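In what follows, chain A forms one complex with chain B and a second complex with chain C.
Presenting the complex of A and B:
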């Protein structure tokens, strides 16, 4: 009797957990489908020209055509390559500078005014100068992305390093740990959640930077596709480019950044299982 | 190991498998297209007529121009001169190309 009660209780818990996990996915799908249905309806009922306001079906057709012509895979690969190069460089520089500034008050006082000054100058203002210095192409785009990523990583890392409890650093130091050991065993693990948050913010900003940089300084890429197709009144292709950007970001965030952040938070004991 | 780590590992594995499949498919496609075509030897070039499945756009023309000298475009046909063996093999692996035929300049 009690075993059957226990069994049904387990069933009920499993059902509740499954429902709790599936509900956001289902609701999200319903939301997207509703948006597409409304969009298709407006495009069909209204007399707005197709080149001005294409329907979802037109956009899908344009996407298929871009794949058939070999354009979309190459542009996506080019954009992703530039994105990865820019983000990797930006994260590396931001991390080194952030650790330095976080650990050394003197270096912080030296660099803080300069960094705050440059933080206010967005990458959009830099790209024309980068084009003059390095011309159109990979170098300019990667540098623009690096510039975008550096600041969130740097400031988050510096703040996270400064927030490491002094008592822990003193305790490890008093046991004879070197500066490098303190960094590796106390500061870095403690600052990791902050660093990961900085990387995630920077990676998000980098996508916006990528689109603009490709519009100005590239002859391939999704940003270039958006610009040229809009100029040629191929609005359906412009929307394909916009959707691709959104999907790429969703994939990078959901498949890499969020799990990385969750695992880091979980590893350092802030929550038991961050994915749940 | 935490469940959170599984997602990026699975995603990367799926991506790598997809890329590998694509590479094998394009390699196979390239081989099939070049059957019966006499490949030029090292240091030699060939003139080719390429048939596409669509009217070429700027992107396609630029890609073809990287392989050889563009002579003429008529509807879905493109004529190229001076294509080396390596460039021919690369071209044959592009999935958006229809047929490749040798062409003798008059």
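Presenting the complex of A and C:
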């Protein structure tokens, strides 16, 4: 401990680093607050009618009202239920197809062109015909979401499986591994980062798809809330719904998808091995 | 002899097996109405759909819808990127601007273009204005981050080098930032087009008065499934053409030519 000089130096650096860490937070808060202030000011000062441009205070009031009446919790639960069902179905199908196509060149030659063709017909374009086939409701929405998720998962999985080094597969096979063991011990762990990337892309498209599908084909849910509220000139409720949509996506992305990505990749030792 | 030609035929099919699923699909489409009693609104006959396409081309309604949609997409693309690219560069080059704007932008981006449709309709009325607002909004947010990333990944050494050589202001932009970030910006343009295309069709369905999306949702109300199917095929074909002709070509004439990305042989 060579006393004061070094001590003050470390003190200075920590001080500087905390300042540096604080600055983004401060500036970010300033950014958010000034947006809110300008919004409130315009809504107050101008003579724009409230239904056309509600103030932040109106939105907060509408939000509290929606929660008290119990509408918002039910709608959020409905939306999330549909989302979860569609995404899990899509991930399962996409994963199986992707593994198959990735491992078998013959299957890939057979299916790749038609899969590309269907991928180009975005899910938004399927919703009208789903409505004709199954009417408005759960089935249409869940299947539309499934459709969105399948392709990114499938393509990313297939690419990741294909890029598994041949030498690893040969090594494990020559040690006497069965095909199933090769799949579980080599191909799946190796393809995992690609698979997760696919799931993240698919989940992103699916969330947008959910909001759209609920606007067109549902009688509950956050997407339904924003469209009907706007039609009834309850614009404050529309904005509550939009904020909920933003928060839900941030939550899904930051709390589930990203940590999931980090956790699986680290746990399977893919990142650590690379650095060691 | 006959056996030989059959063999050649089969060999041909095996050589391009990708055609088989398409053939199966079309056969199923032709055969299903013959054996099972499907109402035409659930699955229109293939010849009816083609008849409808010919009719649409003859009276000019199909090309008009396509052009309306494409024009809107192009306009939204230009407006969105005209804001996104300069802002992205500013955010990447200045830490203060970045700290100030990133939280707000992240939140607005996570709302997503489609959720703006109800507000757009309220503010601008049902019609082209609302649809354009949604597309431009969507494309703006998809493009900003790619621009930021593109500029941020330019090696610091290059930045220092160009400063040492006395570059100032606009020179830094034109000699370092733009070419350096170009690959990522182009990736961003492409992704933003993918999101914008979805947003366009979605917005036209809810808030449109013309265009492909509008035509499809209008057809749903009258159970004109043939029109819906044509819309789907048109959407697929346009997307493939756009991605393939416009963006692959664009990449070739800029990035590859400037030697930033070696053409993969």
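Here is the rule we use: the second predicted complex is superposed on the first by the 238 of 276 C-alpha atoms of A that agree within 3 Å, B and C clash if a C-alpha of one lies under 4 Å from a C-alpha of the other, contacts with A are read in each partner's own complex, and residues count from 1 in each chain.
In this section, contacts are C-beta pairs under 8 Å (C-beta built on N, C-alpha and C of every residue); 3 or more make two chains touch, one makes a residue touch a chain.
Since we're looking at a predicted model, the values are computed, not measured.
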item	value
Chain B versus chain C as contact partner of A:24, first or second or both or neither	second
First (chain B), second (chain C), both or neither touched by A:117	second
Chain B or chain C, by number of chain A residues touched	C
First (chain B), second (chain C), both or neither touched by A:69	first
Partner chain(s) touched by A:238 [first = chain B, second = chain C, both, neither]	second
Partner chain in contact with A:263 - chain B first, chain C second, else both or neither	first
Which superposed partner A:49 touches (first chain B, second chain C, both, neither)	neither
Chain C-facing residues of chain A, complex	23-24, 26-32, 35, 52, 106, 109-114, 116-118, 120-129, 131-133, 205, 207-208, 211-212, 215-216, 223, 226-227, 229-231, 233, 235, 238-239, 241-243, 245-247, 249-250, 253
In the complex with chain A, residue positions of chain B that touch it	2-8, 11, 53-54, 57, 59-60, 63, 94-96
Residues on chain C engaged by chain A in the complex (per definition of touch)	17-22, 25, 41-42, 96, 99-104, 106-108, 110-119, 121-123, 195, 197-198, 201-202, 205-206, 213, 216-217, 219-220, 223, 225, 228-229, 231-233, 235-237, 239-240
For the chain A and chain B complex, residues of the former touching the latter	65, 68-71, 74, 220, 251, 254-256, 259-260, 262-263, 266-267, 273-275
